[in-house]
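My questions will all concern the structure given below.
Letters A, B, C and D mark the chains as written, and numbering starts fresh at 1 in each.
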Amino acid sequence: MKIGRQEHRSSAISTSSAETIIVRGKDLCGELLGKVSFTDYFWFLLTGAMPDARQRQVLDSTLVAIAEHGLVPSVQASRMTYAAAPEALQGAVAAGILGCGSVILGAAENAGRMLADVVARSAQQPVKDAAAAVVGEMRAARKPVPGYGHPLHKGEDPRASKLFAVAAEAGVPDKHRAAALAVQAVLPELTGKNLVMNVSAAIPAVLLDAGFPVGALKGVPILARTASLIGHLLEEQARPIGFVLSHAASQAISYDGSVPPGFVAGDA
Amino acid sequence: MKIGRQEHRSSAISTSSAETIIVRGKDLCGELLGKVSFTDYFWFLLTGAMPDARQRQVLDSTLVAIAEHGLVPSVQASRMTYAAAPEALQGAVAAGILGCGSVILGAAENAGRMLADVVARSAQQPVKDAAAAVVGEMRAARKPVPGYGHPLHKGEDPRASKLFAVAAEAGVPDKHRAAALAVQAVLPELTGKNLVMNVSAAIPAVLLDAGFPVGALKGVPILARTASLIGHLLEEQARPIGFVLSHAASQAISYDGSVPPGFVAGDA
Amino acid sequence: MKIGRQEHRSSAISTSSAETIIVRGKDLCGELLGKVSFTDYFWFLLTGAMPDARQRQVLDSTLVAIAEHGLVPSVQASRMTYAAAPEALQGAVAAGILGCGSVILGAAENAGRMLADVVARSAQQPVKDAAAAVVGEMRAARKPVPGYGHPLHKGEDPRASKLFAVAAEAGVPDKHRAAALAVQAVLPELTGKNLVMNVSAAIPAVLLDAGFPVGALKGVPILARTASLIGHLLEEQARPIGFVLSHAASQAISYDGSVPPGFVAGDA
Amino acid sequence: MKIGRQEHRSSAISTSSAETIIVRGKDLCGELLGKVSFTDYFWFLLTGAMPDARQRQVLDSTLVAIAEHGLVPSVQASRMTYAAAPEALQGAVAAGILGCGSVILGAAENAGRMLADVVARSAQQPVKDAAAAVVGEMRAARKPVPGYGHPLHKGEDPRASKLFAVAAEAGVPDKHRAAALAVQAVLPELTGKNLVMNVSAAIPAVLLDAGFPVGALKGVPILARTASLIGHLLEEQARPIGFVLSHAASQAISYDGSVPPGFVAGDA
């Protein structure tokens, strides 16, 4: 059964013969393997071109910024899954990645599209007005403004400031960073709250300034977190805490449904 | 309900305050972000120590070697999943990672454990004898020998040879590489087949020679493929082939069950 | 770190002691196990009440309607994943479920919300006008109308008609079915196409008519497909076609990127 | 690239034309939809034959037995995932299913294979001797004996006893139940522990007695838990506790790595 659109029947990523593997037009073993870093290669897989030093610096800094932040929900889901299914490391990594959603981590893509919109409109008007217009429309449509505010880092998300400093030092253009700051500036008036830029707005700001494709923005936290999840699963092998996490979590929740006559609650 | 072992109640990976994020004892924003590459950081997350230049070179080369090899099954599963559920990039990546199993890609860990066994035994006997003993025991237990033979690269897996060259040039020790070659040498006599080392034996050989933790070996193809999957999903946005793949695949399989009287087959 | 809303700290689904497991207020072993069908129990888990005979009949019919339709993309992704990772049946099932997205199968929930909207508005106006208003607004917002049209069943989706017949025979109310027919009736004028109702509109129509919770609509295809995926994975054990599917699919796609000088294409 | 075995090129599960969908030889809309329960259909998808009343009773009872047991790790992983990624219900269900592994729930298949082994050997010797031999060999190979002992239900797993009673009342043969009891009887002498049969041994015992295919045993807890996960995710929509679970869990784990000079711990 034919489903959906079927007009494309080609790919430009890789082909191979028995002797040679071609990736994006280059000979993997002759031109890439041993010569380029994994970060370079990620950029190359996405775009077909090698990053320059500034682009590499920015991409590396975003991957390092977002990879690890302790026992966040996706790490817990992954460690619990590994404790229950140690035969499948890939399943535990997958469970962790599934938590890179619109509320957590996935905000990077939404924030990136918002910043790109502000940049586009700022061709016609001051960036502050463009930011106010974009945020105003989101508020009117009752959409959340992604990438501002943080449950822990209330004064300043130290990763956001550092990413801006890295991008400035690297010398990439700053249109999207300016847009991110403009959004931050208009938020108090439009929302009544002082919400500071967090890492999920800073990452797309510096990446888009460096020329990273907007459609792959969500891939940056996913790739970064994969590295972190593997670290947590290696630790889980040596000191298993998956079931400890689960037990402690279950203790925080009470059952408030009915019970049959005579039921005596125990340690559930 | 308490499940499983509960003796560990700590983690050594990350902690944070409102101002500072600590990872493996270092200040993320002050000491890591902007200063280290993603490859360095991955090694650091796993081990708590920064890799030296040789270790970085070897790890980068394995990640580049295994990331991309065209429309392999896991890439197809991922692109089909994205075509059906474009609202969740993370789900499509997870579907692809779930195919990094014992038959494909996961062989790297099994091969690594086999090579480590050969190295351990070669303290007492020539490495060739150690290899013969290990392979002989696997054959007796009817276990497959992981990391040798390839459906396409029959003469030589070009990635395996190149990884060995990179490791030699980097100057890391060669015990596990020697073990991998010793296994290759004994295979014809013990299996009756000329099976050449593929990338799934070469990756653990060079990584273990560089001091990479054996329990994280399976994480290398998983991390590498995540980068590749994101590349394929970016291409899928621009030229969707997920349903084309699925339609072509379904045409290769015929239905050989019974049908009710009067049923006329169509284009299923 | 506290993330998100934290005002709820209870659950009404299950509790237990060493002797007794309570589910939704009933003793699992004394009142449910051996006495109720799995379909009853699914309804009970969702709502806390047992379905009556009409509700059970409708829920069973929707689960049977949507479980199996051959080698669809999610089944292929699942069989490929199992071929690569046979150590983790759960991973292959998960890969298949991840393809129950907004484009395929997930349409049931979106269609259900649309039908509920039509029903709500039809308190104030004829259902046909309500349908025209709802569809008109979706068209204006460039949103697709979910649940109409099918790549194979162009004349009529036989599952949709049969589900309506089952619901009528069971005697559940018909407001949502009427809304579904009203939407079908206004589509030619509003879209210029004759799009007949498919199973993804019929399922929410009959389920909402039976009192099924709208927030669980997407769960019906997910649960149904899980049963089907297990059937396919059992067949995959006996006659593996996962890699056959993948090879055939890859043959349908050509590489149109550049190649280095001297590269001779082989059977990739 | 051709991977793995390619000798099978057919499937016997489903085919279709524009008018008709065939499943296992029957017309879905004419012969199945509206006529059979979901439990019947699951058995039919797996085996190609409809269950008789005894088989349906046993399969229903196992699905009801294992579906729900409160905030177990896989449910927590699923609710945390949904809290982070509410756009993808399928991803949250998948994350939960990934925790149906060899340690939790997946034990049903391993226990089933052990019981089948005991039954096979009891053709030649008393079942108690067969059980002692099988368990003795597992102990010698340092393999765990799956399906005995429970963290909460120490005196007796009430689901196991009830499943045996249901199977006896239904009148299915009892060879695998006898094997399960024989294993329980030999455990104290062979392991030094009183380990009572839990639901993961009882499920395969009654299912194999009813003629259920051994290769699909692991699918029973997966299907059952899918129903339960959907129930939990519906509750999560109304009263979100995913992040509450995660916060409580993280509080149970301390960081015991080093910190840079001057770092003052906060509420991480």
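Simple rule for what comes next: a contact is a pair of C-beta atoms (placed from the backbone, for glycine too) under 8 Å apart; a residue touches a chain by one contact, two chains touch by 3 or more.
Because the structure is a prediction, the values reported are computed rather than measured.
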{"item": "Fewest hops from subunit A to subunit D - one hop per pair of touching chains", "value": "1"}
{"item": "Repeated interface matching C-D, over half of the contact pairs identical, chosen among A-D, A-C or A-B", "value": "A-B"}
{"item": "Subunit B and subunit D: spacing of chain centres that average the CA atoms, whole Å", "value": "28"}
{"item": "Centroid distance [mean C-alpha coordinates] between subunit B and subunit A, Å", "value": "23"}
{"item": "Computed distance of Cα centres, subunit C from subunit B, in Å", "value": "34"}
{"item": "Of all residues in subunit C, the ones touching two or more other chains", "value": "1-4, 9-16, 18, 20, 69-73, 83, 85, 87-88, 90-91, 94-95, 98-101, 103-104, 106, 152, 241-244, 246-247, 250, 252-253, 255, 266-268"}
{"item": "Chain contact topology (line, ring, star, complete or other)", "value": "complete"}
{"item": "Contact footprint of subunit A on subunit B as seen in their complex", "value": "1-6, 8-16, 18-21, 23, 28-29, 32-34, 36-39, 41-42, 45-46, 57, 59-61, 63-65, 67-71, 83, 88-91, 93-95, 97-101, 106, 109, 152-156, 158-159, 161-163, 165-166, 169, 213, 215-216, 218-219, 222-224, 226-228, 230-235, 237-244, 246-247, 250, 267-268"}
{"item": "Complex contacts: residues of subunit D adjacent to subunit B", "value": "1-4, 9-18, 20, 22, 24-27, 30-31, 48, 69-70, 72-73, 85, 87-88, 90-91, 94, 103-104, 151-152, 252-260, 263-266, 268"}
{"item": "Subunit C residues within the subunit B interface of the complex", "value": "1, 16, 70-74, 76-77, 80-81, 83-88, 91-92, 94-95, 98-106, 152, 241-253, 255, 266-268"}
